[in-house]
Amino acid sequence: MKVETIEKLLRDVKENKIEVETALSQLKQLPYEDLGFAKVDHHRELRQGYPEVIYCAGKTVDQVVHIVDMIYKRGSNVLGTRATKEMYEAVKKMHPMAIHNEAARTIVLQQQKIETGKGYIVIVTGGTSDIPVAEEAAVTAEILGNKVERVYDVGVAGIHRLFSKLDIITNARVVIAVAGMEGALASVVGGLVDKPVIAVPTSVGYGANFGGLAALLSMLNSCASGTAVVNIDNGFGAGYMASMINKL
Amino acid sequence: MKVETIEKLLRDVKENKIEVETALSQLKQLPYEDLGFAKVDHHRELRQGYPEVIYCAGKTVDQVVHIVDMIYKRGSNVLGTRATKEMYEAVKKMHPMAIHNEAARTIVLQQQKIETGKGYIVIVTGGTSDIPVAEEAAVTAEILGNKVERVYDVGVAGIHRLFSKLDIITNARVVIAVAGMEGALASVVGGLVDKPVIAVPTSVGYGANFGGLAALLSMLNSCASGTAVVNIDNGFGAGYMASMINKL
Amino acid sequence: MKVETIEKLLRDVKENKIEVETALSQLKQLPYEDLGFAKVDHHRELRQGYPEVIYCAGKTVDQVVHIVDMIYKRGSNVLGTRATKEMYEAVKKMHPMAIHNEAARTIVLQQQKIETGKGYIVIVTGGTSDIPVAEEAAVTAEILGNKVERVYDVGVAGIHRLFSKLDIITNARVVIAVAGMEGALASVVGGLVDKPVIAVPTSVGYGANFGGLAALLSMLNSCASGTAVVNIDNGFGAGYMASMINKL
Amino acid sequence: MKVETIEKLLRDVKENKIEVETALSQLKQLPYEDLGFAKVDHHRELRQGYPEVIYCAGKTVDQVVHIVDMIYKRGSNVLGTRATKEMYEAVKKMHPMAIHNEAARTIVLQQQKIETGKGYIVIVTGGTSDIPVAEEAAVTAEILGNKVERVYDVGVAGIHRLFSKLDIITNARVVIAVAGMEGALASVVGGLVDKPVIAVPTSVGYGANFGGLAALLSMLNSCASGTAVVNIDNGFGAGYMASMINKL
Amino acid sequence: MKVETIEKLLRDVKENKIEVETALSQLKQLPYEDLGFAKVDHHRELRQGYPEVIYCAGKTVDQVVHIVDMIYKRGSNVLGTRATKEMYEAVKKMHPMAIHNEAARTIVLQQQKIETGKGYIVIVTGGTSDIPVAEEAAVTAEILGNKVERVYDVGVAGIHRLFSKLDIITNARVVIAVAGMEGALASVVGGLVDKPVIAVPTSVGYGANFGGLAALLSMLNSCASGTAVVNIDNGFGAGYMASMINKL
Amino acid sequence: MKVETIEKLLRDVKENKIEVETALSQLKQLPYEDLGFAKVDHHRELRQGYPEVIYCAGKTVDQVVHIVDMIYKRGSNVLGTRATKEMYEAVKKMHPMAIHNEAARTIVLQQQKIETGKGYIVIVTGGTSDIPVAEEAAVTAEILGNKVERVYDVGVAGIHRLFSKLDIITNARVVIAVAGMEGALASVVGGLVDKPVIAVPTSVGYGANFGGLAALLSMLNSCASGTAVVNIDNGFGAGYMASMINKL
Amino acid sequence: MKVETIEKLLRDVKENKIEVETALSQLKQLPYEDLGFAKVDHHRELRQGYPEVIYCAGKTVDQVVHIVDMIYKRGSNVLGTRATKEMYEAVKKMHPMAIHNEAARTIVLQQQKIETGKGYIVIVTGGTSDIPVAEEAAVTAEILGNKVERVYDVGVAGIHRLFSKLDIITNARVVIAVAGMEGALASVVGGLVDKPVIAVPTSVGYGANFGGLAALLSMLNSCASGTAVVNIDNGFGAGYMASMINKL
Amino acid sequence: MKVETIEKLLRDVKENKIEVETALSQLKQLPYEDLGFAKVDHHRELRQGYPEVIYCAGKTVDQVVHIVDMIYKRGSNVLGTRATKEMYEAVKKMHPMAIHNEAARTIVLQQQKIETGKGYIVIVTGGTSDIPVAEEAAVTAEILGNKVERVYDVGVAGIHRLFSKLDIITNARVVIAVAGMEGALASVVGGLVDKPVIAVPTSVGYGANFGGLAALLSMLNSCASGTAVVNIDNGFGAGYMASMINKL
């Protein structure tokens, strides 16, 4: 509800077009629906091509199916993350056009057309084991309306692999760098491009890796400017952040 | 050296305009100066209004003065971070127009005009103790050519303070959220805006704060989408990242 | 045994009303039974409506059944926490009126009437995954004789949800704030109410959450006054503490 | 602004008692000033006998003097925590009746009469080195209108000292247990009383104490029910929480 | 080989009783078999009533059976720790007199008579969940020739339970205090006795317990003198250490 | 007060030898002075040759002088640990026979004769930097009535140094192993002797030593049986524990 | 592409032997294929006797089989690490001469002759549980063309076992010291030899071992010079590093 | 004492050339002086050009001067690490030819000629702040008889700087990679060379760097084979290890 709407409401009251009670009832909704809080609600509003996101981990198959269906009926595109194969199959029974990205562990159910905007987001990974996290980022960015280029397995131990893809990386509008182990990829990429880099540490590794802590600290301490970090294995968060940046 | 330059070089050889030896000598420089690595060097190139950055911590006063002077002579704007008052005063003797932001611990020496681009970056802080970090971000973003709005001391313990500034925050193109203690500001702001949020944990706090670790973990685990995190107290990194995003 | 009791005992000895041996025998019990230590035993005494609590984790089904039965026979209400479904079913065979809260993992066996005292305790959670911990707190507080209001899934990423329930929260006598991930809920709630807030970090989250450590540190460093913290996932402890406060 | 106020506003518009513009202007303030947000502001309101609190650490002497003076002029009592002797002396020049508790590092400037309510809060410490934190809690609770009893240096290594004070401890309405090293005091006290215990870990100790971490973890894992924990060395937070509980 | 043996060897050479080569061959074994290194080997020597210990974790059933049998044939008593039921049953087939302590996860195979020495070792635990670790300590101390008294489930949350057993605890020559959660038991017991206390943190607990870390730090920081700590859950180590002390 | 004493008291009352009031007054002292709690108080009682210990860190010079004097007047020997040179000089003015061990940072004031008991305690250190901690242990053990042998700078990097002292080490009744860096000394010594070893990690080292954490973890995980650990740099605790063991 | 090649290319252009376009196309490949980057590619080149390494963890059986086969067909020897028995059996069906080291979890498929160079690498372990890691190092070093001696189960708790193998250890060119628990072996060995020691912490242990952290910190803090450390359980890394050293 | 020496001793006894007592006395010294333990002592023996090393941190100026002098008189070269300027000046008074490397904090006193062996060791650093650690490594390697090349300030954020020095790096026999912040340099260098890389994390950085922990974990988890790590800031250890490798 915009200021103009309130003004109109007041005028309608003045001109006896609506009852005081009706106006009151509408105004009581203000704090969390309209008067400046519209933005609060933005990511739950139904917009064309904009998905609602379900974090499936810790939910039952039935809950997931139910929520997917409810959102679908409201006309929205649906993105489920951290979804199991079992969840997907249950969803598919009801919505045969649901798509499963097994690596990314995502379910996508699209009914609205998605318009991709300017340029593209590039997602680079250090190794093949980082791909599930990268795919979660890719699927997220795509359903949010971005073109995505994938440059996988270009870790710094064989840096020529990275250089052979330099063009595709430096021409992106936003870079997502996904790496486990020591996470050096983010620093090297950050030093090579002049675009924002979203660094995603993964839990790939063992021993003193401590579940991704090594890569996380490495990325937070990156000597390359223009890098910011999301949580370990948080492909969705990286894709979402990159999309927000790309949409500017 | 662009591809066209190489092509021209080859044609010049073919047409005997230059000697093989001369061409060879130029081509030997390729790998790290030109042929695709130009981008490598981007942030050190001299561009109008684009500063070079000196991380002053761990350098002597003499070293800082020397580096500032050297950069200045190349015609570039200069930004010194983590600079002491003593450093500033030494720089000022040589360059009286140098400006010191005491809170931010920055030295700025500007000779090129700075063009601010689209919109503005907003910087919010939880408390007054977070201001030095926020100012480092602000000075960095400004010298890089961005308009900056400061919204300080709007921590979540008195959330009405934050709401009273909601307009200025939601209208920014990029948000930098600076907070110590439990760092909850980033999550609350992240939930209120639909723009990218750069979260900066600060070392403000005591006890189980562990030098900013509490705020850092809090921000990495933020339940709000569209948030990425830089290192503890890294105002420069946040300002640089926000600038990169805003310049898109 | 009060000082007066000892005095009387001595006078009885003096007046030959009791034997030295009898007096001696009574005095030997002093240190831990009477002389000021009566309170030591308080929470194991049988009082009307006051339950005994069994921490079922790490106990066999048989042990749980046996202890439940033993307490029941003494006439007390029984609360079992961290109980499996299997434990519940074994208990139910013997005591069909036993009630299982599957989410809370509790078994309640009530034979004494429970009087609820003044006002109510409100339990808020950040997300739906925090509900098991919240339910453990709720069941605990209820069996201890408190009215409980549940306000679930009002995390700070969509802060309007929290505000829409502000009345029910601010009117409570004690607030229990249950949240995982970054645990910002406790700070925001703590800033909105002027009642004691018991913060319960949960292990909900992943990556740099480190099994609830992020939420724990966040809550300990809360910038809102009037907040204290219990162990990660310790719903029982929060319910118990809140009850103690509410009973004042 | 209550619902009735809005209703009246609408009727005034309808009856042409006020202009649409005036009504609009008032309604625009709703979200953060009136409609349920009055409570947000509660703890900053000026009430009789209720102090405003200044966290002095990280502020300059001038800033502290200025803020104290500003609050004083509004008629409120003032509490400054983590204040240096130098700060106190500067405050005293302007407000000679300011009182300094050197151990607690507090400045108190009282102009409103303080009414102490029901019963008392007892503060116990393990050793003498924990007294500064305990005194910060004591001064806080007192200025907030509570009677405080101090029972210091009763650590568990000589448990008879604790028992000799059992009466004063068990008769309190709220207990604050302050301890460094291994922090076992909180568990022992928690097992002896049936009142809420606020546990305050202190950074007293060395080696594997890790700045209070040992006591913090110990208190969070306390086997005694009815205990909640505040941040390391957070005497203010404990005093504030205890006061909130005691005021119920 | 004692000094006298070497002297005899030399005299034999001198008197041509043995060849230089034979003497040389014997002397070459000196460094690690005899000349002061006898002590090195002490705990593997076959002594009456002294067992050999097998750490069964990480070994196959076959390996355990084989090692038990080999030691048995040398005439020694055998102690297997961290043994599964399956291991025990395999051992029992070959040595029917083998005894399994299921709680302690030990296998004992005794053929030599065990003489218990002076006094007794008392083992106290905070809760019932600490009993497996306590039993490992008990079985170890017993097979090493000590009388052991068990005082279980006397945690500090109900300190009267501990006091009711004070006689048996204070009369021991060595105390082993086994506790999880916050591990306060070690400090309280350490303050009550004037005998050496071996503190054993257990991994019993959850949340911020971090697998026994809370109890470990608590015990290392104990404010009671006369306490030393072994590894988390290391009942064997505590029993062994206590035995060494008791044998003095 | 023994049971017999109470019995006598009762008989005296019965036989009118003492007044009820007198008996009552004596009985009121029971819980923490006599009736089974006598042991509680043991280490504060005045015994011949048994010192009282003052932990000087965090105390003012005046406080230390005052406490030393007070204890001295009760006829006891005095041990001050973590004492500065300044503290010592202030004590010496009043008690010229006070002795300062500068390395150990101890003040000893002896007036009672000390009887050394059986055998001796050996203290070994890895390096020369560990000596202050070792000396604190030595002075503590000596004033408590033990003969002490010092074997310093025998770290495992040059293991022959250790072996050249093997006799003196293996003949001790108790071994204290003091080491920083990786703390391997405790394991090697533990494997060479069959006496109890008290391991003391020191904070000597840098980098990934983390203030003694490396040595602490190393010693807790020692593969040698018969070892227990005290807090980092806790020489006093080791000396006290060793004395308790040696006095058995 | 060497400098001479570029010179030739230029001359060919000059002499019209090739077209400008052809030359341009070749020059564009320079940065990452030739001009000094040849070394980048070295470890993936096919050399006689030099294996390619597959890290099998996190790969499917099919993927492993496929990669093994692909490498084999290029004529190279193959080393698979962290391979399951199931992977081995699948590989074996296609390549019957594949060899499985079950302890090391390696698959080796050799078709090129391996020349062992100078001297040998010795691998020592503290216990038998460290053998899998040691074997991974051994197999790696062997396939890379080194002679390996195994000296297992010579931990410092029984140091005579280590000394009995001193000759074989001190005569090696490189030592790999593999140990879990407190990892003291690396320091002791490092003090005994004057050859480079690669220390490998293992995750063998429990409690405060924290998955190998204790051994890792211990080895990093080793007081013996000439020691460097690889990641926890990283037998492959140790074998590779030792081979690189031995090949010098 | 070699085996031949013992044989001769025995023959001398046999032939009555020496007395049994004399032989016995000599044999008693065997275990730690001769019989295979000669190697134990190797690094303390006086060899031509081989220095003795003094770790000056924690020593007084007088102690350092004394030890330097003592070693010098034995004819050895001397290396003092972590030496202050004050120490150097005190040493210089007595030995004017002593050389101070202020960055490296080393004192070198050379009297024996140093022969440099094969090839050279290259030391690379990420930034200029890493130079002190690098210089400690350089001075150590040089005094131990190695040629050293320094390649400083070639961090991965500007990777072209590293590539411009690729020749000098790839031609070394051993590489020492010194880096703070995220330590990615070690991985990138490790991927570019086929020589052993000693990685040295430094404590350069701030925030979530945790005193070098970030770089340490990064280097331990390096995805490049052929890398091993020494302690944070341990330049000496890296230089020593590199020298050992280079001398093979």
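By written order: A, B, C, D, E, F, G and H. Residues from 1 in each chain.
What we mean here is this: a contact is a pair of C-beta atoms (placed from the backbone, for glycine too) under 8 Å apart; a residue touches a chain by one contact, two chains touch by 3 or more.
These numbers come from a predicted model, not from an experiment.
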{"item": "Between G-H and C-E, the pair with more C-beta contacts", "value": "G-H"}
{"item": "Same-interface partner of B-H, chosen from the options C-D, D-E or C-E, over half of the pairs matching", "value": "C-E"}
{"item": "Subunit F and subunit H, separation of their C-alpha mean positions in angstrom", "value": "39"}
{"item": "Whole-Å gap between the CA centroids of subunit A and subunit H", "value": "50"}
{"item": "Separation of subunit E from subunit F, taking each centre as the mean of its C-alpha atoms, in whole Å", "value": "25"}
{"item": "Per-residue overlap in subunit C, given as positions that touch at least 2 other chains", "value": "31, 36-37, 40, 43, 158-159, 163, 191-192, 207-209, 213, 216, 220-221, 225, 231-232"}
{"item": "Of all residues in subunit G, those that touch subunit F in their complex", "value": "126-127, 155-159, 181-184, 187-188, 190-192, 205, 207-210, 213-215, 217-225"}
{"item": "In the complex, subunit D residues that touch subunit A", "value": "3, 6-7, 10-11, 13-14, 16, 20, 23-24, 27-28, 30-31, 35-37"}
{"item": "Subunit A - residues contacting subunit C, complex", "value": "31-33, 37, 40-41, 44, 57-59, 201, 203, 211-213, 216, 231-234"}
{"item": "Contact footprint of subunit F on subunit D as seen in their complex", "value": "128-129, 158-161, 163-164, 204, 206-209"}
{"item": "Footprint of subunit G on subunit H - complex, ascending", "value": "36, 39-40, 42-43, 53, 163, 166-167, 170, 173-174, 191-196, 198, 216, 220-221, 225-232, 236-238, 240-241, 244-246, 248"}
